[in-house]
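One chain, subunit A, links the two complexes that follow: it is found with subunit B in the first and with subunit C in the second.
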Partner chain A sequence: MIERVRGLSRAAPILLIVALAIAGQAPDVGWLRAATTDSEGAERMTSVLDALADEPLVLIGFDPDVGTYAEIRPTVRALLADLLARDGRLAFVSLTAEGRALASAEIARLGRGEANPTRLLDLGFIPGAEAGLVALTGDIRVDEGDDGVLAREVEGAGIAAVDAILVIGGIDLGPRSWVEQVIPRITEVPLLAVTPTVLLPEVQPYLVGGQLAAGLITPRDGAAYRQVLELGNLERLVEPIEPRQLPILVGMLIAVAVLGQALASRTLAHVRSAGSRSVG
Partner chain B sequence: MSGFFGTGMADTVGIWIAAIVTLIVLGALLGERRLFGWSQHLLAGLATGFLALIALTEVIGPRLLQPLVVNSTGRPELWAGVALVAAAAGAPWLPRQLSIIPASIAIGALAAFALGGAVIGTLLPQIDASIVRPGGSVATMVAGASAVVVTVLVLIGFLHGRPRGRVLSSVAGAGRWLLIGGLGGWLGFLIVSRLILLVDRIGFLAGDWLGLGR
Partner chain C sequence: MSRPTITALVVIIGLLLLADMLVVNAALGQVAAVAVDAAILVAAGAALAGVGALGARRLNDLWRRRGDPVGAVMVVVGMAAMVIAGLRPGSTGTTDPAVQWLLAALLIPIGATLFGLLFVTTLGAARRSLATGSREGTVLVAGALVTSVLLVPLAGPVGDWLADAATWSLAFPIGSVLRGLLIGIALLTAVYAARVVLGIRGADD
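For the complex of A and B:
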């Protein structure tokens, strides 16, 4: 019996992966949808984007981390496509190495998707984290080889040329750093954010307090935002398949079951030891 | 489909390498630790190499050396930068008093900016936003008051090693429980993120590698 339990516990991780793989390939379940029609986060994001100037220049602080990027990737790609569909001009900057790697990959992906290259500017990596953000409010350095109109505008006017800032955040560097270091040093520029759910406790006070103009923080926010997008021929820049919800639900149920099993066995051990003490 | 790969030969090779390393990492769940250790070394090596590449091509080259080559006398602060880079690179061989200077400046600057930013950018605006003002909605007042109460309780929970009365001990205990509750919620969010990452990796194997669902 004990051997069987041991064997089962050794096989549990692989059973989890098999269960998630099967759930990932199973047909969509109609009632299981992440998108809601009344997402405040999605509505706020859309209204802030609607209020931007024509051909807005958006500075994108691209610093997600590889451990959480999978969660926000569909939303990030949809938002970039939405900005381009609104004739936005996007300037990417990263302050973490992981963010720089992912920014390079996404810019390359936009290139493969034939996004208008005159609307994209890669400002590269800025060292120094918080100090780097402060330096960014002074002047923005553009690669000398880049002599496009967008590059010259950003180099000439610096952060004053920016109509909005979009922070793609991660655990290392997220909206908090931008709120603390950049917003107090610049004039009114809306700060937008896309972050994984794990940053919700950190970001929510900024959203409620108005320091963040809008944010897509949870998978539900992201799904609701993606649902209302009309991108025309830029649909090619978003992920072709929406993230499946069934494997997430299965995984969460398994996690709850594991937690319940641990609690139950702990309670059982406690009851047994109390019983043996009373017998003794 | 992760969308990180194109259709070229290099992309196909990249998909295969990524798939093999993903399988090796998942294989650790079945007890295969030797290959998993190798993959950890690979990750550490790649990360270090990438960091070095960024430092050289995006920081030291264009921001330090190129300006010096163009104008070697006009920007004296860059020479200080060169000295700091040299001190950091030669840290293993230099006297400790010298080698700690770059790290000290980095840590000091980080602490100064982080502390100042936390007070000006977070603490003061958030206190202002939490103040319960008359005339607001009931929900806003309750939320503001709750935020103040929770903040005070958790701060009191950090009072270690001070003489306490019975009331203060109870309040500190409540603060610590609230803190633990907050950490529990944060870990719950983290599980969601990690679960999505695992599902995404399985999706990568099925979609990008095996071509299922394309």
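For the complex of A and C:
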């Protein structure tokens, strides 16, 4: 019996992957949905974007980490497409190595999607994390080989040319560093954020306090934001398939079952031991 | 460098950056920019040194036939592939298609997969923490259980209710506990930094 339980434990990860794969192939069901009917985060993001100037120049601090990027990737891609659909000009900068790798991949993807190259600027990687952020508020260095209009504007005016800052955050570097190092050094520029849920406790007070103008922090906020987007022919830049909810549900139910079983066993053992003590 | 010199440097640079943030002065700004640039260069150098040390360590492991040879080979081959792809003659660096392929086809999926393994290891850790019989472990697992139920992506009124409850729980109980922890850590860091700067040491230092 014990051997059978051990064998099941060893096979559990493979069984989990098989279950998720089957759920991933199953057709969508109507009773599952990621977005909520009303999302304050999505509404705030849309209203801040609506209020931006014409052809806004948006500085994108692209520093997600590889582990959690899968959670925010559909929302990030939708937001980039939305900014481009609003005639936005996007300047990407990264302060972490992982962020740089992901930014590089996303910029290449936008290129493959035939996004207007005159509206994209790659400012590359700045080492030093917080020190790099402080340096960004002084002057922004552009690749010498880049002589586009956007590059010259950013190099000439620095961060003063920026109409909004969008932080794609991760565990290593997120909106907190931008709020602490950049916002006190520049004039009023709305700071927007997309981060994985794990950063919510850190980011939430900044949203309430107004240091962050808007944020898409939870998958539900992201899904609600994506649901109302109208991108026209830039629809090609978003992920073609929304995250499937059935595999997510299966994973969550497995987690709930495992935790619930362990908790119930623990409670039962506690009650038994209490009972035997009272009898004794 | 002696400890008082380091302390003096920390105090001077800290005050310089603080003054630069509070006072608009071109000369002060230029001096502060030099300090910031120096910090950036040191960080870049440290990052490069870290990568170099990792490569050297793994090569040394292979040479001396110790440790995990498969892991060492993977690290060295991975580093070599990325360096060759990015620095070979004619390469465009980080925007080179070979670098992009290595990132998009290997690095990012492997990183995400490793993070995905946390699902299994976290559940295992939760069960083990319950097995120890600690009250903290029980509370932790019960909290995780409730949060997982609230995040189930159901549609309709039940889904809306769960979403509202999840938002509330993330914003208030969970958020406040974690914010409390963050504030506590920040206070502790500030106190420790002040003790270092002022040269105050405990009896056990």
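Keep in mind that, in the parts below, the second predicted complex is superposed on the first by the 263 of 280 C-alpha atoms of A that agree within 3 Å, B and C clash if a C-alpha of one lies under 4 Å from a C-alpha of the other, contacts with A are read in each partner's own complex, and residues count from 1 in each chain.
Here is the rule we go by: a contact is a pair of C-beta atoms (placed from the backbone, for glycine too) under 8 Å apart; a residue touches a chain by one contact, two chains touch by 3 or more.
Computed from a prediction, not measured in an experiment: that's the story for all the values here.
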{"item": "Touching partner for A:R220 - first (subunit B), second (subunit C), both, neither", "value": "second"}
{"item": "Which superposed partner A:A131 touches (first subunit B, second subunit C, both, neither)", "value": "both"}
{"item": "Subunit B versus subunit C as contact partner of A:S47, first or second or both or neither", "value": "neither"}
{"item": "Contacts of A:T118 with subunit B and subunit C, given as first, second, both or neither", "value": "neither"}
{"item": "Touching partner for A:E180 - first (subunit B), second (subunit C), both, neither", "value": "first"}
{"item": "Subunit B versus subunit C as contact partner of A:A262, first or second or both or neither", "value": "second"}
{"item": "Which superposed partner A:G67 touches (first subunit B, second subunit C, both, neither)", "value": "both"}
{"item": "Which superposed partner A:L32 touches (first subunit B, second subunit C, both, neither)", "value": "second"}
{"item": "Doubly contacted subunit A residues - partners subunit C and subunit B", "value": "13, 67-68, 70, 97, 100-101, 105, 124-125, 127-129, 131, 134, 184, 197, 200-201, 205, 248, 251-252, 255"}
{"item": "Residues of subunit A defined as touching subunit C within the complex", "value": "12-13, 16, 30-34, 36-37, 65-70, 97-98, 100-102, 104-105, 107-108, 122, 124-129, 131-132, 134-135, 138, 184-185, 197, 200-202, 204-205, 218, 220, 245, 248-249, 251-253, 255-256, 258-260, 262-263, 265-266"}
{"item": "Residues of subunit C touching subunit A in the complex", "value": "17, 21, 29, 33, 36-37, 39-44, 47, 94-95, 99-100, 103-104, 107-108, 111-112, 114-115, 117-120, 123, 126-127, 130, 133, 138, 141-142, 144-145, 148-149, 151-156, 159-160, 163-164, 166-167, 170-171, 174-175, 177-179, 182"}
{"item": "List of subunit A residues in touch with subunit B within their complex", "value": "10, 13-14, 17, 20-21, 24-25, 67-68, 70-71, 73, 77, 97, 100-101, 105, 109, 112, 124-125, 127-131, 133-134, 141, 143-144, 176-177, 179-181, 183-184, 196-198, 200-201, 205, 208-211, 219, 239-241, 243-244, 247-248, 251-252, 255"}
{"item": "Touching residues on subunit B, where the partner in the complex is subunit A", "value": "1-4, 6, 26, 29-31, 47, 50-51, 54-55, 58-59, 62-63, 66, 106, 109-110, 113-114, 117-118, 120-122, 125-126, 128-129, 143, 182, 185-186, 189-203, 206-207, 212-213"}
